[in-house]
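In what comes next, chain A is part of two complexes: it sits with chain B in the first one and with chain C in the second one.
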Partner chain A sequence: MAGVTRVRRQLPTSPWLFAAPGLLVVGAFVLYPFVTTVVNSFTDRRTLIPGRFVGLANFRELIHDDMFWTGLRNSTLYIVGVVPALVVLPLLLALLVQKNIPGITFFRSAFYTPVVASIVVVGLIWVWLLDERGLVNSLLETVGIGRVGFLSDQWLLLLSAMAVTVWKGLGYYMIIYLAALAGVPRELHEAAAVDGAGAVRRFLTVTVPAVRSTMVLVAALSSVAAFKTFSEVYLLAGPDGGPAGEDTTLVMLVQQTGTGLTGRVGYASALSVVVFVVTVALMLLVLRADRRDRP
Partner chain B sequence: MSTAPPVRAAKESRFTDEHGRRIRFGELALRYVLLLVVLAVTVGPFLWQLSTSLKGPTEDIFSSPPSLLPEHPTLHNYRRVADTIPVWDYALNSLKVAGANVVTNCVGSALAGYALARLRYRGRRIATLVFILAMLVPVEGIIIAQFTTMRELGLNNTLIGVVLPGSISAMNVLLMRNAFLNLPYEIEEAAYVDGADAWQRFLRIALPSVKGALAVVAIFAFMGAWDDFLWPLIVLSDPSRFTLTIGLNYLHGTFANDERLVAAGTVIAVAPLIALFACLQRYFFRGVGEGAVKG
Partner chain C sequence: MRISRRAFALAAAAVLALPLSACGSGGDDGGSTDASGKVEGDITFQTWNLRANFKSYFDGLVADFEKKYPGTHVKWIDQPAEGYADKISADAAGGTLPDVVNVSPDLVAPLAKAGLALDLDKAAGKYRSEYLAGAWASHQIPGTSGTYAFPWYLNTGPLFYNKTLFKQAGLDPDQPPKTYDELFADALKMAQHSNGKVATLANVPTIEDFGRYGSQLMNKAGTGFAFNDAKGVELLTKYKELYDAKALDPQALTATPESTGKKFLTGAVAMNPGSALDLDNFKKQAPGLYKNIGITDQITSTGHVNMYVMGVMVNSRTKHTAASVAFAHFVTDAQNQMSFAKKVAIFPSTAGSLDDPYFTKEDGTDETRVRIAAAKSLKNAVNYTPVLFSDQMKTALRNEVAKTLQGRESPKTALDNAVKACDRLLRQEG
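Up next is the complex of A and B:
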């Protein structure tokens, strides 16, 4: 019994020692910066100059800033372009690799390779593939279509960046779907097959309803990620965001405005607050849609 | 309990699905064709990059139709990358950052996860809530404040500054917490009654049982740090301190027209991770599931 009392006496201090490093890091480098961001968004702080309180001035400026609207437009378009593809294609891919036919583990792993590679590697690979004289254009010319300026036109650039995002995300969401598909009762498929439903019909009436909540999860994850896109566009269109900056995303704008020795920390923080608000709104929206549609 | 004996008929076709049903030849052929098409799309770009990096200075890399294999494979471009940027120093920097990230995340999240899951003390719920809130904060929205925090600490432009913000991620803490919660409590209770203190129970009993989760944390910490782009781009400004991803971006920005050079650089950056993935696939896939559930 002496041992137990000894342990009991120790307990009030030791749990906090266990949690302390984690709380310290998360507090100092996530929660404190979060609060600082919100506070800074009401100041005119710059990297080297401590700011003064300016009320809503940053947000008023933001409304009249063309670059802000360009960034918001591109980040929103990114959701529209990327999310449907990332909800549907990985599901089809998961169905393709679901059956345990010989060599399937090789294919599963191979399809995951783009997920493992750094976005910088992936971006530069595609910059070279989509180059005016790159592989894709060589192939297009060989089949007689002719060369396409994937990386020079404002809209083609944005579309190419979206394609890269989808390409890199396919394997990741495929694995999520594979786990969900494993839980679909086989009897449902058999019953539908007996009723004479074809493959497409079974997909729509059995598979899709069964993995619905996973589709919502994928939609939530991919839409939040799409809205925060930075690297793909930065690498394909360049640090300035393509011709006349027309491909700049919101997070690129945060990076351009707020970093370096002349960074406008206050204004960049206001932009960051917009990123927060939209991110949280997206998550709530998708989760609410899920609850409403549920039988 | 009438488990059917292995059906003889199934032996006629070696190709059966996971339920032992035969797959028709036509369907099987179609599946392999589709698998090969997706393989070409997902892995092809990496091979093209590898092929480009092995082509000598006299070989035409822009030919149409493209030549997929180098005529005279050479490592010339890899030597040139090392002459152009200190690529091995950058690789070493990436390795240091990734290694440090693995150690801090494993130690920090195991300790904090154990405190959240097993130790009894006042404020445990609040501590858990702190980590959940921190997990929801989008990194892209706080990078400017993280940058100013690093400047205040005098850690901008250092590798420590690169590691610190993600050194113990909230998601990993919660992942470890779940792993500990899933362990049966009886053994630890017995040890508690026998007078083992929190440290002994953590190190001798709990920790050895969550090696799998710890491996997932380690792998994703390594991959996250090795692949990271936005944060090191912001915090590092001195080219001698660059990590590999930032060095590649610099190489691309400065020598954009030298595709062979950039290709060799990207191969150097991606090869270690593909090797790691080839050896430890299991944990990569497991991490996807656990990460997605946390959202």
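Up next is the complex of A and C:
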């Protein structure tokens, strides 16, 4: 029949060919490094010296390494301090800027600015603010409180780093919540208002259930990010992780141990494997909690 | 055409593996230690954060070398100061280390142990006498035989102090401390007078400080650390007193060289070690401080000040050993070191260069005064930092020092722990 094009039968490899570029990228930059890290974690490999298989020696060593427990404690504390704030505050912020009133775009942009700002610049600004002779301490001194060692006390340093993380992350999660809030039917709010529900009641009984899955997503994302935190603590507490390394997080420990010409790649890989296992467990925990509580 | 699943999987695996195979530590396909061949070929030379200020000098240096040795071509690359060691380790692990590399002794040690640095005693021993004996020895690694880099420029520096702060604390600005006892006494007085607002020192003691105080840093065989001796404990005890009195800056435990430099510029700290390079910085960034800057010698109990040594290493796997050795020597020879020293406040490591009138004749300026004093002290200066003292060991020492200053451990316990940790790392690092 003239004018009719015969469609050739699809080859079994065709889908693979379409997926090949993506698979290559994932294979080269995700799977291969991951597998290499796992393999290295069972060796005593160093930066310039290929390692020997040492079985579970690295994992046994990290159990007896005080710095590992310090890092695990700090990374866990980071989750406890940061995640609740990053789940609740951006939602409140999103409610504030949700309304389409004149000039609201300015506030939305202003709240989002820290997200796009370079973490190094942000870190330096906070260091200047919190320094012994910085703006915050000058204000505290003026009102008679005296100087506070934000950058010299182990716990204040960690709290300051958490504050930076929350401040920098607010805008990002606010945008996620804005998208979720746009999907909440207006009628529900109107019906609740007609039934006499006040603003707080409407927030708890209409808004929160409607954005519940987004809150779970934010909790999962922010807890994984909090557990893997590096830059904020590095910039505020210095490369050693604060006084006596007491503010070191697990990822900082990976960097301290595994980099440089004398880096212990095998041991750092074992630490990375632990970070991976904990983050996967965290994700599963959050998702499981969500499934269990779902009506 | 049909492609079988197995063939496809094999192809995919090969494609995946191909770009990654470059990530290995490289085969032993390099050159030889014989540098006697014809000087020719394309080589790469890497410097450490020098392009921004000295581009024309290095362009000229490369052009002069290529003119002297027709048939050679030098590609000059420069890396930023931040993360330099990481860049070298990535290159070394990836088999892409340049032919000639600017290094410091602590960087060359692991490269030499991994067989990546050319032994210059074998390949370029004839040049040895051109350099100061101490400078040549600074790239020798305990536990190995050989010398693994040409010594390049040296640096040392005085102790700067803020005369205004000294005056305000009732100290004589023209009588800066000359001994550790005087330093500690002045620091305590300064803290007391300023009610803890002005510290005299801003850095916790480093391995060099222990060395300069008279502690024996390593055992004679170079197989273990020994800075937990009586002198080491004494120094740390003194620092604990200073910290408690706020004579050592409360933020010293998290300080970096940059942050302490800023504290000195803003008058929060009264003394800071530096080099002749800093004078220009004071002039530009803190003219008020510059007018009241005091300059005194490094304090030492051993009679030897500390010096920093830069070196130029030849990659043992270079394909052009003769050209690489010739270029590394060319960069570090007396003439070129002298010419570089006249552009920036550094000091040549070549024998006799420090007797040049440039380093001995006063002209009335502060810069020259600092230069002459530094050149004089360099003649018997010591690079206190052991070449085997890695970054991880530095962190271990800083952490233990911090525990003492916070009152969590006695100085003796902290130094015992630090030595134990450093010895363990030394064994692990091979």
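Here, the second predicted complex is superposed on the first by the 270 of 295 C-alpha atoms of A that agree within 3 Å, B and C clash if a C-alpha of one lies under 4 Å from a C-alpha of the other, contacts with A are read in each partner's own complex, and residues count from 1 in each chain.
Definition applied: contacts are C-beta pairs under 8 Å (C-beta built on N, C-alpha and C of every residue); 3 or more make two chains touch, one makes a residue touch a chain.
Computed from a predicted model, the values in this text were never measured in an experiment.
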Fit-or-clash call for chain B and chain C when the two complexes are aligned on chain A: clash
Which superposed partner A:A270 touches (first chain B, second chain C, both, neither): neither
Partner chain(s) touched by A:M162 [first = chain B, second = chain C, both, neither]: neither
Touched partner set for A:I49, first chain B, second chain C, both or neither: second
Partner chain in contact with A:L151 - chain B first, chain C second, else both or neither: second
In the superposition, chain B vs chain C on chain A residues touched: B
Partner chain(s) touched by A:T259 [first = chain B, second = chain C, both, neither]: both
Touching partner for A:F111 - first (chain B), second (chain C), both, neither: first
Which superposed partner A:A244 touches (first chain B, second chain C, both, neither): second
First, second, both or neither for A:V120, with chain B first and chain C second: first
First (chain B), second (chain C), both or neither touched by A:V286: neither
Clashing chain C stretch [against chain B; choices 37-45, 55-63, 91-99 or 235-243]: 91-99
On chain A, positions contacted by chain B and by chain C: 11-12, 16, 23, 27-28, 32, 47, 131, 133, 239, 259-260, 263
In the complex with chain B, residue positions of chain A that touch it: 2-4, 6-7, 10-12, 14-16, 18-19, 21-23, 25-34, 36-37, 40, 47, 93, 96-97, 99-102, 104, 107, 109-114, 116-121, 124-129, 131, 133-135, 137-139, 141-142, 167, 170-172, 175-176, 179, 186, 217, 220-221, 224, 228, 230-231, 235, 239, 251, 254-255, 258-260, 263, 265, 268-269, 272-273, 275-276, 279-280
Of chain A, residues touching chain C in the complex: 11-13, 16, 20, 23-24, 27-28, 32, 44, 46-50, 131-133, 149, 151-152, 157, 237-240, 242-245, 256-257, 259-264
Chain A-facing residues of chain B, complex: 14-15, 17-19, 23, 28, 31-32, 34-35, 38-39, 41-43, 45-46, 48-49, 52, 62-66, 104, 107-109, 111-112, 114-116, 119-121, 124, 127, 130-131, 133-134, 136-138, 140-149, 151, 164-168, 170, 173, 192-199, 202, 223, 226-230, 233-234, 237, 244-245, 248-249, 252-253, 259, 262-263, 265-266, 269-270, 273-274, 276-278, 281, 284-285, 288-289, 292, 295
Chain C residues touching chain A - in the complex, by the definition given at the top: 2-3, 5, 8, 12, 15-16, 19-20, 25, 85-86, 88-89, 92-93, 107, 110-111, 113-114, 116, 249-251, 253-256, 266, 268, 390-392, 395, 398-400, 402-403, 405-406, 408, 425, 428-430
